[in-house]
Structures are given as structure tokens and as C-alpha cells.
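Chain naming follows the written order as A, B, C, D, E and F, and within any one chain the residues start at number 1.
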């Protein structure tokens, strides 16, 4: 079998993959990413967080809501009925910055890696937005798939 | 003047910044980012592109459309009337992968860096989506603000 | 079993409930609410309605369309495939104002009370919008769940 | 001048009001509403809140994001460039429940009362969603305009 | 001056036109279209309409709401602050079917012909949806710009 | 059995049809439409296309994305999990202009003709948008259902 870009048809045109014949299975995807910032920025967010938690809560909620919008953002993604999306954010003094992990689950015909990656990206963008007045130089980096299970292609785990 | 997180009010709660008193000025923001992939993946996309261009066209259009949705994705972003969004994608054999640059322009009371960063992120995610069947290990990296002008905070250019 | 807020995980963070293990059942929810206004306002809407019905038709359609958007509005709601949404609006001279009832149905893993409540709320807001030029003092009140069936928690009917 | 339903044209059909001739002024609207619940429910949310604040943070963010979607939800509302939306939520032991206040500001041709009312409604619905597993009998009540300024119709303040 | 496709840049890539330098003027566009159906279908809708008007009310509201979504549907359209959208639908026994006319108005930097055309298209699609159970052969036809004013390109009126 | 407008209930009010009792089957719908333009306009698009393909790529992607939004545009359409949407565009010198065909597939309880028709309409509108600076007189015409299979009503094929 020849491997190829599944979203291009024989004429080279972008099209949705037909998932009509795929089986409904339990599918999980986990993605991660970081936002790197100055030490002072990290401290200021963590102090705000100590009081009310709203910066990280906003980023977590934005990530979850964005996962539900994935098929509106990515042209050839299928709409699907997510069973769950979760977003975890932890401070990392060594970056310095935050590490974001998102997990998406579905019982469906198509994988959820785009939903997990979208949640990570938008959570990072939300942190950027809320801290940009004090640090315009933040960088979003290392947005990638960590693990994926369910579906014909089998279990995938990123090698560290 | 005390610098702080502009999106947290005195009680530490997330809130939109009031831009009612800000002046309407010409504002521009440029952001960049990369998606790194295997050599074979890059080749396969470029070959598809040689024929019909749909992979990169889809990513470019998705990035532009996402910029227009920024205020729906980022909880505390203001809606605004974008004058223009452009997304440029160029292959880089050294990554290997693609470099994405997005520029957003507005005549308004608030900056457009989130729009440019969102366009870059979603263009990268779209390339990931279209090539993920052949390369699940791609990474989105270096998503950051390159330049910003207009508004009270003056001109910003990232130091290389 | 300890009852608790299902949308907070053990760390107190907001997250979607995982519905992956829940059974697909027929689920129905009915919600109600009122908008209270001055007698003259009610009369003016009813006269308009006698002619063309557009005020109440607009409110009914807005409620149905909003029910389909519930998962975009409520951060931790699951997307679902609604089988039906209906919105009924009846004038009540004693309020004076309108009583709105909405019913939502789904064959799915999660209840539809939020869809019914969202339909009622947006139908009320639409009536407010269309009559606000003559009566800014209208109040939306008594928005609540009337009945719910399907799912593990069994049948619920509000006590009058 | 004959007062009437501004959203119905002479044929009784629903239509947007033409705001092309209206002046751009600073406009503010404040709306309020309550969600009434059992004492135990209130306690459980407040305890969760003592830890991480996510229930009320989610409701506040959902309210702000919904205000930005008002013109998508209410058929005849105009799109507008909100300068600011804020949502405040305070516990009230006497209800028992929460009191929600939302303020919206714009420099524009049309008022923002629908944006403030929509923010209140969706913040209430979000609290309902997050606590519904322990209390299906909660009621959203007293959703109304508190104050409005800017525009031709002058200043409005609700009489208590 | 060389005329060309304004949405393609010098490299042939799709991009938004920069409207930053354009003047804010009063702009109006009027579009029209028809949906042609069997005589019986027209009669059945008109009878329903005689009672409650909901088919045509739904189509009119759907058209207005779609006009507000134009920039989300058409990739390179600019978001704009519509002053007014109106949709008129009249039965035409000679088609037989309905004639739809939509007008859009804005004070802005870019024309509103796409908003008027989108309103007509979605109003037609809504009529199709509501009558498709009795007539699958309906055709949407003659969707075109009737008139346009404001902006640098001057007044346009379609020749009959 | 009396045939009637399925979206009107016994009181003549618009409502969603309840699809809860319908069987999940494989459903396909194919729709078509044209956009007619001047010869020069067609040539200019085709030349642009020869280089980079972005005009038709944009129209194809816009059509696919719009199909996924159908239930947000058409008030009484059900949300559904599309298996695939494809949009094909071919130049026709005899029109002169483009012929657009869209196919939608679902495994579900309700047909996908509205999704196919919406894809065709928005693809046509996108071509109009990108060429309107050189030809305001283009007309969208012949938007209709070509074929439909799956569901209780059986196979439908339009007679030529």
C-alpha cells in the first residue's frame, strides 16, 4: 500500500477523509506544549494565581472550549462528540514558564489528536494574552502529540 | 507606575481591559512560528503542492479565518475590525519543515498580536492535520511575536 | 458514595465530566421561564403577533438555534446530536408577560437540561430585545428545569 | 411620535433597526440576575471556590465570552466592538445562592443592554451546569437591566 | 491601472485586501434571488403562512443572522459593523416560488454585497429545508447583486 | 397519510422534526450549482489558478467548512457527524463560469441534502467574493439536489 497525504485526493485537491467505513472505537489523544517567559512574568502570574487562580483557570477553560471548536478551525477535521477534554497547566521554573498537557477522548470513527493539540495551543495563547502587557517576548514551543490510542493505526507514544 | 497583569482586576479576577479611552490608531502585528517534520513528510507536501497547492492553501486560509475568530477563542480579547490578515508559508529544508509568518492590521483601540499569533498557530495545526497520517511526530515550535506597531506602548521588534 | 460537584476534579479544577462509559439512552428535558412586562408592552406584542407573528416566531427560532449552541456557550457542556428542540411561548395576562417552555431530546450519553434551559433563556432575551424600546423594565424570571428523563439519575419532576 | 416595537416594520415583520444615522457615543449598560439554590449547594460551591475558584471563574469567563456572542444569539442585535465586559458574582446566604452583575461598554451607535443581559444569563446557566449533579432544582431569577447610559434615550436607572 | 483579482497577491496566493486606507462611507448593497418550486409546494407554504407565518419568518430571520456571519463563511471577507440587514420575501405565482431581496447597510471601509448575497442564499436554503419533505426538486436561482452604492467604485445598478 | 410541511407543527409553528425514532443509516446527498460570469472573468480566475490554484482552493475549502456549519445557519437543521464532504469545481466555457458539485455523507438519522446545498452555495459565494472587483454582474444559479440515498424516503435522482 502506498502511504500518502490522506487529505489530498488523486487530483491533489484538499478533501475530508471519508470515515464512514471506520469502526467506532474508544480513542484518546494526549498533547503537550510550553510557553516560555521571563522569570518575573512567571512570578507575577503565580502570585495572581495564589489569590484567585483566574489566569490559569481562564487558560484551562479556553483550551477546553477551543477543543470543541476544532472542526470549525481546521478545515478538514470531522465534527465529533467529545466524551471529555481536560487541560492541565503546571509551572516550570526551569523553562521558565508553563507546561500544558491536554487530553481528549471520544467514542467515534476518527482520532482526537487535533482536539488535544488545539486545546494546548489555545491555552498557551490565552496565557500569552493575559501576560502580554508585561512580557511581549514569550514563546509557545514544543506543541506535539504525546500519545494516541484507539483506531486502526494502533497505539502511539512519542519517544523522549 | 506599577506594571501588572492588565487582565486581572484588583481582586485578582480575570476581566477584559477597558479600551474605551484608548485612541484609534493604525496597528500592525507580525508573528511567526514553525512546524518541524521529517524530511519525507516535507517532500510529500511539497510534491502535492507542486500539483495543486492545496495543503498550503488550506493552511493559509485556515490561518486567516482563525484570526477573525480570535475574540471567540481567547476569553478576554476584544472583537475588532481587521483591515487585513495575511499568512505566508515557506518551506525550510534545514528545519526540516515550514516557517509561517502572519501579519494582522487594524485601525482600532487595541493591538492585533493575538490575531497574528492565532493565525500562525492554526496554520501550523492545519498542516499537522493534513500530514498526520504519515508523520505523527511533527512539532509546532517558536510561535512568537516578531513586531508590533501602533498604540501607546510604541514600536516593538524582537531581538534575534 | 460522596456526592460532589462533578465538574471539579480532585484538585478543585473545572473539567468536563467523562461520559465515555455512560450508556446511550433516550433523554428528554423540559425547562420553563417567564418574562414579565407592563400590560401595554404585552398588548403591543400581541397585536403585532396578530398580524404576522414575527416577535414570537423570532423568539422561538432564536431559542431553538441557541439550544444547538449550548456546548459553545457553557464551558463544560458536551457537544451532542439533538433529536429535537421545541420552544412554546404563551401569553399570560396575570404576569403580565409570556411563559416559555422548551423541550430538548437526544439519544446520547449525557442529559439535555442545559439545552432546554439555554433555549428558554435566549427566547426570553429575544423578546426583551424586540420590546426594549418601549419597556426597559422587563424581568426574566423563574428559569428552571421542569422535568428530565433518561440516564442513570432517573426521572425528575419539579414539585410545584 | 408614535411609540412602537422598533424591530417590527410597517408590515409587522421582524427586522433589524437601522442604526446608520445614530451617533457614536459612549454607552454603558449594567444588568443583574440571581441563581437560587439549596444551602448545601451554595456551601459546596463556596468550598470548591475556597480552593481553586474554578466554578465562579468558569461562570465569569462564560458570561464575558457570551456577551461577545450576543449578536449571534439574538436575531436582530447588531454586531458591535465592545470596549469592556465585566461579570461579578457574589454569594448571598439569604437567597441562598449567587448574585451576578454584568457591565458592558461600547463606543458605538447602539446600546449594550443585550450584551449585559446575555452575560448575566450565561453566567447563571454555567453555575447551574456545574452544580446540577447535586441540585436540579436551582432557579435563575430576576434577570433585568439595572442601568443604562449613552444614546438618545438618556440615562435609565431601575427603581428599587 | 491594471485590473485584476484583488484577493490574489502577486504570487497568486489568496489574501484579504487591505482596507486600512479606504474611507469610511455609507455603503448599501441590495441582492436578489429566487427559489422555484411546484405549484402545490407554493400553496402549502402560503397556507401555513396564512396561519402563523413561520416558514417565511424563519427564512427571513435565518437570512438576517447569516448576513452577520458572512465573514465567518467567506474566507477573505472582512468583519464589519452592519447598520442594518433586511430580507423581504414575496410569493410569485409565475415562477412558481418565492423572490427574496436582501439589503445590507454599513458605515465602513468595505462594501456589503457579500452580506446581502449571503442573506439571500441562506433565506432560500431555509425555505428549501422547510419544504423539502414535499418537494425535493426545488431550485435556487438568479442570486445576484441588484444595486450597490458607497465606496470608490461608485454606484452600480444591474441592467435588466 | 397526509403529506405536509414537516417543520410546522399542528399550530403552524416552526419546529425541528423529531428524528429520535429514525434509524441510523448511511446517507449520501449530492448537490450542484453554477456561477455564471463574463468570459474575461473566467479567464482571469483560470490564469490565477494555473499559477497557484488559490481561488478554487479557497472556494472548495469554504464550501467544506460551511457544510459543517449548516445546522448553525438553517434554523431547524439537526447537528450531525458528517463522515465526509467533498466539493468539486470545474470550469465551463459554455456558461461561461464554474460548475460546483458537492457531496455529503453521514451515518445518521437525518439526511444531508442541506449540507450539500450549503456547501455549493458558499463555494459559489466565495468565487463571487474573489472576483467581484472585476465583475459585479456574476449570477449564482441552478443550485439544486442531484441525488440522495439512505433513509426512509428511498433513493432520489433528479430527472434531467
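Following the convention adopted for this analysis, contacts are C-beta pairs under 8 Å (C-beta built on N, C-alpha and C of every residue); 3 or more make two chains touch, one makes a residue touch a chain.
Composition by chain, UniProt nomenclature: A, B, C, D, E, F = Cyclic pyranopterin monophosphate synthase.
Please read all numbers here as calculations on a predicted model, not as lab measurements.
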Legend entry - Shortest path length from chain D to chain F (each step joins two touching chains): 2
Inset, instruction - Would you pick out the chains that touch chain B and also touch chain C? - result: A, D, E, F
Legend entry - Chain whose average C-alpha position is farthest from chain D's own: F
Inset, instruction - If we define chain centres by averaging CA atoms, which chain lands farthest from chain B? Would you check? - result: C
Inset, instruction - Could you grab the centroid distance between chain B and chain F? Build each centroid from C-alpha atoms only and quote it in angstrom. - result: 31
Legend entry - Distance from chain F to chain E - Cα centre to Cα centre, in angstrom: 16
Inset, instruction - Provide the list of chain E residues touching at least two other chains, using ranges where the numbers run on. - result: 13-14, 52, 54, 57-58, 60-62, 65, 69, 72, 75-76, 79-81
Inset, instruction - All pairs of touching chains, please: list them by chain label. - result: A-B, A-C, A-D, A-F, B-D, B-E, B-F, C-D, C-E, C-F, D-E, E-F
Inset, instruction - Please give the residue numbers of chain D that touch chain B in the complex, ascending. - result: 26, 57, 60-61, 64-65, 68-69, 79-88, 105-107
Inset, instruction - Note which residues of chain A are touching chain D in the complex, please. - result: 52-54, 57-58, 60-62, 65
Legend entry - In the complex with chain A, residue positions of chain C that touch it: 9, 13-20, 71-72, 75-76, 78-81, 108-109
Legend entry - Complex contact set, residues of chain E against chain F: 3-8, 11-14, 33, 44-45, 48, 51-52, 54-55, 57-58, 61-62, 65-66, 69, 72-77, 113-114, 117-118, 121-122, 124-126, 128-134, 136-145, 148, 156, 158
